[in-house]
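Structures given as structure tokens follow.
Next, two complexes with subunit A in common: one pairs it with subunit B, the other with subunit C.
On to the complex of A and B.
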């Protein structure tokens, strides 16, 4: 048949090449002939063992052996024969299917005149909807072709999907080496014999804390935790979580003298105004463990450094160190407590302490951490000696001091380092003082509505110094104060007290008690109001005869008529009092000594007080505004006798 | 002089975070005193071709600070005393940082001892101004040898590692690059610790460090008298 296809079959070349000669000729190792194979198989038979076994085993072995020995000759080609037969069957089936599809009742379409002559007429199988007369059979053909296409697409997509799923599964399969590589990006690892050790101490950052900071990486074949083949073994001390807690508590003046601890009342923690945003970013299990361990190590180093300093540094106010607890009284009624807290670490723990009940000064804790990091950096960054035979470990200033005419105290000062405990006590004092100042300013601002108080806090703060600017103004009359300079006060909060610098240059030293500051502010407010009035009166054409801080003497304008004389404003006993001069009749007898009529000004007048609070107006200056403008015309009934 | 005058709060003893031991101790009177310092060292040499390997190894071993390149000019002076003994002083100045004070160093004799793992000698190093050369000349010292040493300085805790190439100047006073002539075809590696005499022996630390450098450099305690007495071939 012309449709027969010749198949060429070649067996696999199983010969190994022994040698390739220089002219390209290959020498093959001939495969073993049947006899050689048989000989080899017989050599494997252990006659001694076979005799000892029982019959069942012999039978089994024979049965197993027989199928392999059954067809020694056809064996190499039987497989090939089988696959060729299968292929032939498949092709025959396909041919039949195609023939069925091709068979249509309609006559074959006429030969295409455009066809090249000489080509055999082609039976074009219309599987796709190409040009052709629309007929039900073609529609059927189309429908069946669409179904066939759909099926083939489904098959193809299934294959692709399976492949992708397999790839995905492979991705999630935890690979120990990949995890190890990831861990190496975070910590230094080294191989010691069979073990892999890692270092989580701060030695490379400049620390010389002797505690062990080594962990061991273990391969966990069972992936017991979180499907991860890597496990970390930490040294015993680092398995606990450790953190520092700094608190400021209220206490009695004689707190340190208390011997009987059972009578200690519950400590009231002074509230803080800082909150730490907890990190939502969670790392992989073992990284989280290592991070906690590293943090614990750092905290323990910090605390041990503080303890060492406490035992050596003996200030006037004693610092007590009991176990994990360092405490000292920073103010007569406030105590600073630094504590090292521990808790066994469990993976997945959010925070080891109850946020609502324990109030800590996080800003001070961060300050301590920063101090230790600075120490580390300083010990690492000592400048190298130039020339090299010079001593190591000196700062540049100390080296240059060799040729400078310094005296010993000055050189000693170069060497002196301020211990961390000293710095943190200062920072704690400042923080507590700042908190008190803030509280006081807030309460003043709430109580006193008039005049207005604006308080400006700095954005960038120093741990031991803050400057606050306090502005005062009278609502509605702000432009009046500007003429005499804006009323403001600079409050410098330091460690042991504050300094208030007023606009006129006065410097007032305040202590730690905020009542003094309150007094100063109240005084400022009074003088502000009077100064504001002084600014106002210029606008309404009254003359300022004399003024000093808090006192004012005004004369009525010459252009308009005024019944009364001058107006005097004074601050007495933290209150403003207004007096109006009244022209009285000559009730007082004239004296013999003072004959000049000009002296009558002194004696002929009577000052009457005005209860200015009863006047209409939003604030003092407004009321005064009203009063002064009224005084230029006829006297109103608002002025009354004051007994 | 009293430590009580310093600081408002009566410090007994200053505690500082200073892992590198400084040469001051406090005795009972509260006066700071300077004890004698001694230098413990080990020396070795490495051929020029292998210097990069040594540098890489040191970078890994030493502290996490960049290595410091230096150029030092050293002159040694000696004074022949009447008894026949010669006293030698070394003057060294930095050409890389010329504003730094010059250093004057005296080294004592080598302390012998079979059980010592490294060389130990007493030494006194002080900073001084630039006229130290004329000062020594006035005292009667005569300039003995002069060389330039260029290289890198590494440190690990209190251990100082100096990797240097010794050169000589073609003409005295000319220390530019083109006027230098190397004395050897190798670099000198010196590992040293300077501490108080009688304090803790840093020998084991140095020995441990030398072990870690062993594949590249063999650091040993070299007996200088042997070198001085024998004539050795130039490398």
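On to the complex of A and C.
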């Protein structure tokens, strides 16, 4: 028993602690005994509850009585007894009333004993509305019950209607504070003395534009129901709508050298780019106004940033800044104009754009907006120094530059920041080039009926680079080109020109003039037709003696009794020419120098050009198909004659 | 950054350093190279107070790697490339450690750099405490990292500029397809500086001709 371990077990605490004295003594509340609990429970019985609907006086009494209930009493059962007595008296009275009523309406109680065999005697209390009494006048009673039900329903509907009306009235009540709360979800507000001021500026997003972007919130005390009790007051310069319009304009080569601006000929706008802030959801009046104000603030910051960059950035092609215009020549015959437009704001007013030459799918304005946002983000978020004692504001690349080590050109490249104006000029160049390419491809596709041209445009675009895939096919003879793989060309549109990567891997550098591209595509189309013919020829059993890009020499099938010799296909002067060698046995003047009979080949045969355009067929390959099969007609005749 | 080789110009009898540089500029201009800016190298020799446990080293700052300070231990084994690339606070750290490492000598190279297609040519005079020591020509070929691959180019250009035959093998430091790193360039400079330092020491104690010869044979 020496190994016994003493364990102290404490019972679960059932008492609440009322107080702990300073010496640690706990004063407990003893749990109630059974009788006490029962007494308490009976006190809680609400006898007035049933009567509440009918008699409000009873409720009042109940309210008065309830505080007294909480106190302990000398005789706790007195109240209960009183209530039960009262209830009993009422029941007795009710019973009497009902008995009298019953007696009056029913002079002959047991009228139909078969119908209610187990019906208890008449003395037992029955409520008229609940069940049909055992009386002859059932219909009467039923009618009265329906009437009672109808009445009660009417009452109920009236109550519901009143409630609904009150709710409706409440909703329409304009509430300044509610509006203020709503406004706070969109803009930052603060109190300054008596006024409430809001902030529109992008300072929290990293902007350092000094213009004032504050607005004042005013409470309109005497407003009607429909009007909003919240009014805003914007500073004067923010009451305008402002937006940037980017235009590409056709101009003379020496346009920038012109001194007299009045003599400038009428400019032809090639394309315009607008960034329209979405008006999908019509917002409340003041929010719309604030959004416009904020947008104009942003636009003005953007323009001032561009102006600042123009003044210190010196590219080879000069950039001019006159008033609200920034203009530069991006290509010899094309000018880029960035214009800041202003217009007083009116609610529900659309921005007056010239939409005649608008290009929405490549939005330069949006790109510009994005650039400024990136600029904001860069100025806001500074990379954390690492280690913590290092210089603030260094990127990781700059940090490791010392130990890598990076040499001078590389460090200089790292420090260089490309100004926004430079980026937007590059993007504008690309956009213009892309528009030209698009136009040229469209016109080529319109002019040249066959072969077919399919152009795949990318969904995702880079502001300065786009890759376009151009596929070519001959209708009806797709299988023939398939043998040589897909016949296609890749067009990489860049900033100052584009490159075409042909099927055989050749890279052709194209300038900004799309006529070069046209030439390349036309050449490609011719070579496609010849390649397609080469594929077809193999299927119909002719022999390809030699083939190079755009040239083909064919020999008829050896088994046929072909009426001619070889067929030659060549591309000359951007046209396909077809020649047939004639088998002539006519003795031609033989050469004195080449006496060997094998050289007869050179002098004996005569080539005749075929006007293939006069042949029947949908396209070149179809025509050639027909011609080649006609040339070896002897074979097919033989096949048909000797099955 | 590419393979960089440092050559030393051997002075002809009676030629000053300035004259040598003039001649070099003429030769480099003849190749068709164009001047593009200036360059400088600045090197300090730190001597350890306790030579038993710590070693002497050189630091090198250059305009070509503007944010880096190179530190190269003055090692006896020259093939071992033990170069440290440090951030600029290294110098202020060394000031605090001047009890242990005392700056003894300063070397400086200044000059004009020339660009010839992919080559950078940097001829300059090595000066130490105000006096000219020797003339160096640094040739950098930016596209390549392997001296073995481009050595024929180096020997052709180098032999024209230096007017003497150049070894048909790259320096042992860069041989056997070792990828070039800036440490190799530092190594070559430190070799030149340390050679100068020893000869300078010799000049300080004037020796007889036989003694010098004996010294050289020992080397």
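Everything that follows uses one rule, which is that the second predicted complex is superposed on the first by the 431 of 643 C-alpha atoms of A that agree within 3 Å, B and C clash if a C-alpha of one lies under 4 Å from a C-alpha of the other, contacts with A are read in each partner's own complex, and residues count from 1 in each chain.
Everything that follows uses one rule, which is that a residue touches a chain if its C-beta (ideal position, glycine included) is under 8 Å from a C-beta of that chain, and two chains touch if they have at least 3 such contacts.
Predicted, not measured: the structure shown is a model, and the values here were computed from it.
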Contacts of A:380 with subunit B and subunit C, given as first, second, both or neither: first
Partner with the higher number of touched subunit A residues, subunit C or subunit B: B
Contacts of A:301 with subunit B and subunit C, given as first, second, both or neither: neither
Which of subunit B and subunit C A:419 touches, first, second, both or neither: first
Touched partner set for A:403, first subunit B, second subunit C, both or neither: both
Contacts of A:365 with subunit B and subunit C, given as first, second, both or neither: neither
Which superposed partner A:411 touches (first subunit B, second subunit C, both, neither): second
Partner chain in contact with A:314 - subunit B first, subunit C second, else both or neither: first
Intersection of subunit A interface sets (partners subunit B, subunit C): 402-403, 408
Sites on subunit A touched by subunit C in the complex: 401-408, 410-411
Parts of subunit B lying in touch with subunit A, wherever the complex brings them together: 1, 5-7, 9-20, 22-23, 32, 63-65, 68, 70, 72-74, 90, 92-94, 96-97, 99-103, 105, 125-129, 149, 153, 155, 157-158, 160, 162, 164, 194
Of all residues in subunit A, those that touch subunit B in their complex: 204-206, 208, 305, 308-309, 312-316, 375, 378-382, 384-393, 399-400, 402-403, 408-409, 412-413, 415-417, 419
Touching residues on subunit C, where the partner in the complex is subunit A: 1, 63-70, 85-88, 182
